[in-house]
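Notes follow the structure.
For reference, chains read A, B, C and D in written order, and residue numbers begin at 1 within each chain.
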Amino acid sequence: MRRITNRTFRDVLVEGPAVRAAGVHDALGAMLAEQAGFAAVWASSLGISAARCVPDASLLTMTEYLQAAVHMQRRVGIPVVADCDTGFGDTLNIAYLVHEYEAAGISAVCIEDKQYPKMNSFVPGQHALLDTAAFARKISIAKAVQTGADFFVIARTEALISGLGVDEALHRCHAYAEAGADAVLVHSRQRTSVEVEAFLDRWDARAPVVVVPTTYPDWHFDDAVKAGVSMVIYANQGLRATIDALRTTFGSIIAHGGSAHLEADLASLTEVFELQRLRQWRELEG
Amino acid sequence: MRRITNRTFRDVLVEGPAVRAAGVHDALGAMLAEQAGFAAVWASSLGISAARCVPDASLLTMTEYLQAAVHMQRRVGIPVVADCDTGFGDTLNIAYLVHEYEAAGISAVCIEDKQYPKMNSFVPGQHALLDTAAFARKISIAKAVQTGADFFVIARTEALISGLGVDEALHRCHAYAEAGADAVLVHSRQRTSVEVEAFLDRWDARAPVVVVPTTYPDWHFDDAVKAGVSMVIYANQGLRATIDALRTTFGSIIAHGGSAHLEADLASLTEVFELQRLRQWRELEG
Amino acid sequence: MRRITNRTFRDVLVEGPAVRAAGVHDALGAMLAEQAGFAAVWASSLGISAARCVPDASLLTMTEYLQAAVHMQRRVGIPVVADCDTGFGDTLNIAYLVHEYEAAGISAVCIEDKQYPKMNSFVPGQHALLDTAAFARKISIAKAVQTGADFFVIARTEALISGLGVDEALHRCHAYAEAGADAVLVHSRQRTSVEVEAFLDRWDARAPVVVVPTTYPDWHFDDAVKAGVSMVIYANQGLRATIDALRTTFGSIIAHGGSAHLEADLASLTEVFELQRLRQWRELEG
Amino acid sequence: MRRITNRTFRDVLVEGPAVRAAGVHDALGAMLAEQAGFAAVWASSLGISAARCVPDASLLTMTEYLQAAVHMQRRVGIPVVADCDTGFGDTLNIAYLVHEYEAAGISAVCIEDKQYPKMNSFVPGQHALLDTAAFARKISIAKAVQTGADFFVIARTEALISGLGVDEALHRCHAYAEAGADAVLVHSRQRTSVEVEAFLDRWDARAPVVVVPTTYPDWHFDDAVKAGVSMVIYANQGLRATIDALRTTFGSIIAHGGSAHLEADLASLTEVFELQRLRQWRELEG
């Protein structure tokens, strides 16, 4: 249960050809993602907010997002990529964020070009963006502040989310890569991958590209990789499966007056203890 | 999403005839339990530890358990009953615990008669108990420290878990009720309810009885109520369903190279937003 | 050491004629302020940031400021007035802030009309303000969200800090009072009270006025009250005395090779134990 | 303000001949200690508890002590030595403690041989100790769990505090050094250094010795070093100076109706901003 010798996200990405990350909101999700074969976890703002039943709208704070990411990273060997929304404010907030996350042992963060406070990208309506130069400056500050070579900054553009089109997304991602971004994330809420593929067709590969196919789940991982994607984040399927499972389980216990009929479908207590690494902790006691 | 006018656990229990509580480890679980019809939630030490992938063995701290309980209580209208293990130490710790939980708006706590540090009751092996008088003293201190009339203290005996038998469980629960416990929880890890029913047969009803039928799920809620139970805690079914759901979902995404085949079984993003009370928060903005 | 029956800030203010509050950054400061005779404490952003050696520039988060305020309020009987900077974002952040602070037992907050992220008002340079209507909307949302009658919202204008003059300060404070502010705080960094007195001369008393005479300490409390002030916050003198004391003490220990020469000037361990309420906690044990 | 390249406590100790550490309870104290010339800071349980106005009696939790230590270490270049009381429980708690502190970047911890829950050593009365073998086992587990070579474990004996005499203190410290302790701390509450000197006379130097001359401040640092001490902790003088300063300052503001007469003795706001490293943070912005 000790993972001080974690590989960083950079290590994992370099191994290639492409990385799959699972969105999670706690250490339990992170460990199950690791066991399933994901190479990284995405400490999702949506997920962490949803676990608190609070809108994903810059209400929970950097303190809480960092704590959640640290709780994950302390228990798994794969790297945590921290979803840092807009960076929680302006340039000074970015400098502080990088200092705090890096010192806490988080090796990768993602910052997006929406204005603070943000609203979740899948909520209908306007999503105002920072201008390109202002966000590029955030990225260059982030890179200037990091102290180790391993720290990894993903610049996320919401240009497609905001309906600004592929040209704008490319323009922004070029500027962000120029400013030092280690990768770019191009987010889309189209029902197909067409928009993202149009971006990839014209991307000159000056930095790895990350995608989040929440609304276009038909796009196979292998096809995304062929199209030039370096990382696919399955950002909220775990959260949505959890909601479905809890709703079903709780409803069924009430309806049946007990849980006996569910037992076959539930993880056993032995599995719970294994996920808690009980045996390994006890071995440390000698 | 604001629930300052929560009913206390005492209010809920008085309404009778009996209360069902769902064990949860975060606000999301608490809200889904409320929506399913549970009258209370159990802020489970096992669940909160498992969400951190840490053994349920007095490793997480009162700070973390209280924070988890508060995060739940801020988002639901049903009362949170906080699983407080052994009370995190000796009598001074109990006094401090009651002060802190009550001031934070948690209206019910449960304290057990194991020694600190404890081990989860379902882990095989010895579970050493405090002597009866020492634990009764903890209960009387807890009751003396509370300031409001509503605060509710459940005294949990691990006598059956420790193999000390029904006589000892009765002896202890009588002493705890005498010391002021508002209810007693008699925990058992037998495969049937026989042991607990034997307890109930001889219990003189000087305080409500709580049970946790994890290992004897065949006991129907209605039968438990007929046998004299006032509260049934379904302590870990939600946790175990979550593990199963995440394991299946994550494994399937890796195996299929995507999530399209899962979509029909996942909660929608709209459901996520509803659980985050996005619309209601936005209405507050006017 | 238990203060659940705290009087709220509204209670204290009503008693009149005027309230003195001491700026503090931890419970120890709050208790010493209470013992000295202050009627309230000001959970100062500058102080809380300084205790962390982080600029007072919206870097620490609502989580941390709320935690600091709660740590104070749990240990003193006088009300904590929480310095909430800009409200940590936009209107949704304000709604969330009020929900969280009120539920946590903090009975008064202060929100200022600077833009997020803010910079401390005493730092030279520009301090951009929200427009009046936008900030008034924040105030009206705060008041709409509170659930109890006691919750108290102070609207702070930085118009004088920003060099916009007394007219603008009056215009803004009128709008904020109109929007429901329970009091207004007019901040100034002039070397005398002239500017603030000019404001008070023309203020129509539709809400109590709060001042922070950091840069004009010559203004006697009685004179401020005569001029119409309802609350004077001595915001950072405790912090600055602490810095001076620690600098002197630490320097002297190094210089003298020990602390013997300082002993007469240090509080005794007995005093430390009294501030920790050791005897009272032990009495709870019976 | 970024100190990721901190030297570890082991680095500092090796430089010799002896280390002075200042007890502090927040980052501000840590930075002032660093500026004064201390080579390390002691994240004091007494201090951290006192800042919360809570008895130093195992009431605050590992979560809170670790957070305080991390807040310090993020802002100073000298190492933080974390006062970890009894290790917060039994052997599993020790394993967890070492994992968490080391992963968080704290390079040295001190664990004492009192039973959990502990009471501050200067509080009159009995202080029950673990038996020697049980505590030695805690030390050997701590050393087995650490992953880096730098992590440093100080074993503290309360034998003298408990009136068990120098023989017992030596016996225990030998056992602890044998078990792998990187240093031993021999605590005394005698009014002179005679008892500690008697210990040092007979100590065979198999591990460095740490002392805390709270009750025998006349012992000059140079004399302690000559007697064989490797580290002197000035554990609570800063806390006691803070209390004195706040009491005086707050009392005086009330008595004088203002703070003008105090200004000359208070640190300036410019000094506050310097301690917050405002200029350096802003330079990061470019």
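Just a few scattered comments:
Keep in mind that, in the parts below, a contact is a pair of C-beta atoms (placed from the backbone, for glycine too) under 8 Å apart; a residue touches a chain by one contact, two chains touch by 3 or more.
The shown structure was predicted, so the numbers you read here are calculated from the model rather than taken from an experiment.
The minimum number of touch steps linking chain B to chain D comes to 1.
Comparing chain pairs A-C and B-C, the larger number of C-beta contacts belongs to B-C.
The centroid of the Cα atoms in chain B and the matching centroid in chain C are 38 Å apart. Work out the mean CA point of chain C and of chain D, and you get 31 Å between them. Chain centres here are Cα means. That of chain A falls 37 Å from that of chain C.
Looking at chain C, residues 1, 54-55, 57, 92, 96, 281 sit in touch with two or more other chains. Against chain A, in their complex, chain D makes its touches with residues 1-2, 4-5, 74, 91-92, 95-96, 99-100, 102-105, 137, 140-141, 144-145, 147-148, 281-282, 284-286.
Residues 1, 20, 22, 26-33, 35-38, 46, 49-57, 71, 75, 120, 122-123, 213-214, 217-222, 234, 236-251, 253-254, 257-260, 262-263, 265-269, 271-273, 275-278, 281-282 of chain D are the ones touching chain C in the complex.
In the complex of the two chains, the chain B residues touching chain D come out as 54-55, 57-59, 61-64, 88-90, 92-93, 96, 116-117.
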